[in-house]
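In what comes next, chain A is part of two complexes: it sits with chain B in the first one and with chain C in the second one.
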Partner chain A sequence: MGPALPTRQLVLLSAVGLAIFFGIWTGAAWLELAPRRFLPMPWDVIDRAFKLTETRFSGQTLQGHLVISVERYLRGFILAVLVGVPLGLLMGWYRWLDYIVTPVFDALRFVAPIAWVPFAALWFGTGIGGPTMIIFAGAFPPCLINAYRGARYVETRYIEAAQTLGASGLRVVREVLLPASLPSIIAGLRISAGAGWQSLIGAELIAANAGVGLMMVRGQAALDTSIVMVGMIAVGLIGLLIDVALRGAETWIKAKQGH
Partner chain B sequence: MRALTFLLLESGAGMTGADSGKTRLVVGGATIAGLIAAWYIASTTGAIPKLDFPSPEQFVAAARQVVVEPGFADGLLFDHLLHSVKIILLGFFAATAIGVPLGLWMGWSRTAEALINPIFLLIRPIPALAWIPLAIVWLGLDDAAKVMVLWFAAFVPSVINSYTGVRSIDRPIIEASRMLGIGRMAVITDVIVPGALPSIFTGLRLSLQGCLTALVAAELLGAILGLGKVLYQAGLDIYPAMILVGMVAVALTGFVLTALLDVVESRSMPWRKR
Partner chain C sequence: MADIVLDGVSRVFGHGDKRFVALDKVSYTVADNEFVAVVGPSGCGKTTCMRMAAGLEFPTSGTCKVGGKIVDRPGPDRAVVFQQFALFPWKTVQQNIDFGLRSLNVPRSEAGDRIAASIKLMGLEGYEAAYPHQLSGGMQQRVAIARAYVLNPQVLLMDEPFGALDAQTRTVMQEELLRVGRINPRTVMFITHAVEEAVYLADRVIVMTRRPGRIKETIDVKPVRLAEKWDNYERIEDVMDLESFVHLRTRIWRLLREQHDPADH
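Let's turn to the complex of A and B:
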C-alpha cells in the first residue's frame, strides 16, 4: 500500500465515488428501468421523509415511530447490560458459576436472536415485551462474553494485592475486576448495541404494533419504496449515533485510565 | 467463537491444574441434565403452562411429525433445511466472492479506498434486516429477495475484515518482499492474501452468522419453504412444541455451518498452531 493520499486528492476521489453512486441511482430512475414507485429519485426520498414528519403513517409520524423504537431498544439493551455484565464478571471470579452457566450459554448461543420471535410474541405480546425480549437476545451474549474475558485477563497481582488486604470475593469483583475490565466491557457494549439494534428492527418487521420497523413493512405492503428507504436511512442514522456515542465513551474511559 | 470455547476450557484448567477440565465437564453435564429434569417435572406438574412451553413428550412428538411424517408447513424438516442451507450458501458465496477481493483491494490501494469508502460508509450502518422490506418490494417473496438480503448481511463484514487484514500486515514484510524483487502478482498471492487470511476468516465467520440471522428473519416475513417458515407457521398456529423444534433446527444448522467453516479455516492456514 502506498503512502496516505494528499487531502485534496482524497476529497476529490471521495466526491467522485459518491457521484458515481448517486449518478447510477438517479440515472437508473431517470431511464425508468423500474417504475418510479419502485425506484424513486433520491430527492423523492428526502421529500417523503419531510412529509412523514408531518403526516401520520401507520398511526404515527416518522419521529413518533422512532421514539417508540428507541424506547424499546433502550429497555432491552439496558436490561441486557444489567444482567450480562455482572454475570460475566462474576463468572470470571467464581468458577462454579462459570461451570454452570457456560454449557447453557454455549447451547443457546447458536440460536439466532431472531428465532426467538415466535416465543417472544407468544409470551410477551407484540407491544413492548416481545420486541424487548428479542433485543435482549441479541444484545446479551456480547455483554456477557466481553465482561467475562475482561475479568479473566485482569493481572493476578492486582487481585492478590486486594486479597492480601482482606477484600472479600464480591469486593474484588466490584473494585478490581470491574474497573480493570472496563475497556473490554465497553468494546462488548459496542458489539451488543449494534446486535440489539438490528434485532429490534427484525422484531418490529415481523411482529410489532408500532415502530420504525412496522413503518417499513407497511411501506412495503403499500409498494411505496420511498417510505421503505426513509426507514432504512433513519435506522442507519440512529445505529450510527449509538455507535458514535459508545465510541466516545470508549475513548473517554481509555484516556481516564491512562492507556 | 472457537476462541471463546478455547478460553472457557483452557483458562479454568490453567488456574487449578489438570483435573479442573474434568470438573467442568461433570458440573456442565450435571447442569444440563438438571435443566432437562426440571423441564420434565415443571411441565408434567403444570408449573409451566403447556400453551407457553411444550413438555419433553410434546417436543419429541413435534420433532417426529416434522422429521418423519407427515411434515409441517408444507414439507419435511429435510426439505426446509435443504432450502434454507441452499439460500444461505448462495448469499454467502455471492457476497464474499465480491466482498473479500474488494476489501483486499481497498486495503492495498489508497486510491481504491478513497473512491469506494464513502459509498461503503453509506451502506454499512444499515442493519442487514432493514434490507428485507426493500428486497420484498423489488423481488417479491422469491428466493432472489432472500439472496439479496443475505448478500448485504455477508458483504459488509467480509469487506471490513479483509480490509483490516491487509492493513494489519507489517509494512517491513511487504517492503522486504518488494526489495527481494518478487513481482506484483506474487506480492498479492504470497504476501497480502496469506497475511490477511486470519482476519478474512474472522469476517467470513461474521458473514455466515449474519446470513443465518438474515435468512431466518426473511423467512419469518414470508417464504414457501425453509426453517423460518416452520417458525412462522408454528407461531401462527400457536404450536409451542414446533416453535422449539424450529429453534433447535436453526441452532444445529448454525453449529454445523460454523464447524465446517472452522475446518476450512484450519486447512487454509496449516502454519497456524491450534
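Let's turn to the complex of A and C:
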C-alpha cells in the first residue's frame, strides 16, 4: 500500500466514491436500462424508506422489522461468542479437548449456514429459535478458529512465566491466553459479525415470520423493487455500524497493550 | 532444605545433522541458602541449567533435584527472573507483582503489604498503575525482580537479571541483593556474564565452557570474603579495590579467556 493520506482527503475520496455510485445508479435508471419499476430512482427509494417507517408492510414498519432482525442477530452472535471464544481458548491449552472437537468442527464448518435453514425451522421454528441457530452457524466458526489460533501462538515466555508463578491451567487460559489472543479474537469477531449478519438475512429470505429479510422477499413478490432496495441499504448500513464498533474495540485494545 | 542438585545432567537438542549436545554430564550443587553464580561464554548452557531447576526444561539424561525431589514441573517455590523479563504486557506493574501471590492464596491485606514493600525495595513507587510498555528496559527488569522477590521463595533462579540496568541502578541492585540475602538468606542460582558481579555477590562461582557445555572450574569465594572481611565494606567499589577481590576476578577472567574461541572474531 502507498503512504497514508490526510483525513480531509480521505473523506473527500469517500464522497467521490459515493457520488460515482449514485451517479451510475441514477444514469442507469434515467436511461431505463431496466423498467423503472424494477430499477427505481435513488430518491424514489429514499421516499419509500420514509413511507415504510410510517405504514406497516408484512405486519411491521421498517424499524419494526429491523428491531426484530437485530434482536435475533444479537442473540445468535452473542451465543456464538460466548461458546466459540472460551471453547477455542480451552482447545488451545488442553490437547485432549482439541482432539475431541476438531474432527466434528472441521466437518461441520464447511456446511454453509443457509443449509441449516430447513432443520433450524423444523427444530426451533421461524420465530426466534430458528434464525438464531442460523446466525450461530455463521458466526461460531470464526470465533472458535481465531481464539484457538490466538491461543496457540501466544509467546511461550508468558506461559512459562505464569507457570513458574504457580498458575493453574484454567488461570493460564483466563489470564494469559485470553488477553494475549485478544487481537486475534477481535479480528475473529469482525469476521464472525459479518458472517452472522449475512446468514441471518439469508435465513429470513427463506423462512421467517418477520424481519428485514422477510420484508425484502415480500417486496419482491409484490414486484415492488424499491422495498427490496430499502432492505438492502438498511442491511448494509447496520453491517457497517457493527464493523465500525468492532474496529473501534480493536484499536482501543491495541492501544491499551501498547502495540 | 532447598538445595539444587544437578547430577550428570546432559541435554541434547535436535536430531540427525542438527543434533548437538548443549550440556554434557554437568554436575553441581547449590547448597541450601548458598548463593552460586554461573559464568561462561554465551551458548554454554547456563540458561538451560536454570530452566531445569525451574521445571521448564528436562535433562536428556541425569537428574535435577530441588530440595531432594526430582523437578517435574514449574512452581512458585522456585521464583524465576527471566533474561527477557516476560512481564505480562496486559497487566499493570501492581498486577504483575500480584500474579504469584494469588497462586499462593495469600490473604489480600497481606498481599497488599508485600507488594508495597517490594515496590519500595525496587524503587518503583509511583509506577504501580503503569503498563510494562510504558517503562524503560531497566524499570521493566526491576518489576520482574520484584515479581520474584515478593513471593519470598526458598529458591531464587535469576538469569542475567541486572543485564538491562544502567551502571548506577545495577550497583544499587547488587548491594541491595547482598543486603537482603544477609537478612534473609536463600538458595540462589544467579547467571551472569559480568565476572565482577559474580565475585561480589556469590559464595561460589561456577565457570562453564562451551561446545559441549561443561563445568570448567568452581571457585570458592566465601572463604576469601570471610577471611578478608569484605562484609565490612558498605560499597561495592571499596570491595572491588581489595587485592583479594582483584585476585579472584583475574583468575576467573583467565579461565574465560583460555576457552575463548578465536574463530568467533
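Please note the rule applied: the second predicted complex is superposed on the first by the 234 of 259 C-alpha atoms of A that agree within 3 Å, B and C clash if a C-alpha of one lies under 4 Å from a C-alpha of the other, contacts with A are read in each partner's own complex, and residues count from 1 in each chain.
Please note the rule applied: contacts are C-beta pairs under 8 Å (C-beta built on N, C-alpha and C of every residue); 3 or more make two chains touch, one makes a residue touch a chain.
The structure presented is a predicted model; accordingly, all values stated were derived computationally and were not measured.
Asks: Using the superposition on chain A described above, determine whether A:249 touches chain B (first), chain C (second), both, or neither.
Replies: In the superposition, A:249 touches no partner, neither chain B nor chain C.
Asks: Between chain B (first) and chain C (second), which, if any, makes contact with A:216: first, second, both or neither?
Replies: first
Asks: For A:205, is the partner it touches chain B (first), chain C (second), both, or none of the two (neither)?
Replies: Once the two structures are laid over each other on A, A:205 reaches chain B alone.
Asks: After lining up the shared chain so the two structures overlap, which partner does A:187 touch, if you call chain B first and chain C second: first, second, both or neither?
Replies: Neither partner.
Asks: Could you tell me if A:79 is touching chain B, chain C, both of them or neither one (first, second, both, neither)?
Replies: Neither partner.
Asks: Of chain B and chain C, which one contacts the greater number of residues in chain A?
Replies: The partner that reaches more residues of chain A in the superposed model: B.
Asks: For A:4, using the defined touch cut-off, is the partner it touches chain B, chain C, both, or neither? Pick first, second, both or neither.
Replies: first
Asks: Using the superposition on chain A described above, determine whether A:123 touches chain B (first), chain C (second), both, or neither.
Replies: A:123 contacts chain B only, not chain C.
Asks: Can you list the residues of chain A that touch chain B in one structure and chain C in the other?
Replies: On chain A, the chain B and chain C contacts do not overlap at all.
Asks: Hey, which residues of chain C end up touching chain A in the complex?
Replies: Residues 54-56, 73-76, 78-80, 82, 84, 86-91, 99-100, 103-104, 131-134, 147, 151.
Asks: Taking the complex as given, what residues does chain A use to touch chain C?
Replies: Listed in rising order, the residues are 157-158, 160-168, 171, 175-176, 179-180, 182, 256-258.
Asks: Taking the complex as given, what residues does chain A use to touch chain B?
Replies: 1-5, 9-10, 13-14, 16-18, 20-21, 34, 38, 95-96, 98-100, 102-104, 106-119, 121-123, 145, 149, 152, 194, 197-198, 201-202, 205-206, 216-217, 219-220, 223, 225, 228-229, 231-233, 235-237, 239-240, 243
Asks: Could you please specify the touching residues of chain B with respect to chain A in the complex?
Replies: Against chain A, chain B makes touches at 1, 4-5, 7-8, 11-12, 15-16, 20, 23-24, 27-29, 31-32, 35, 52-53, 107-111, 114-119, 122, 125-134, 136-138, 166-167, 174, 209, 212-213, 216-217, 220-221, 231-232, 234-235, 238, 240, 243, 246-247, 250-252, 254-255, 258.
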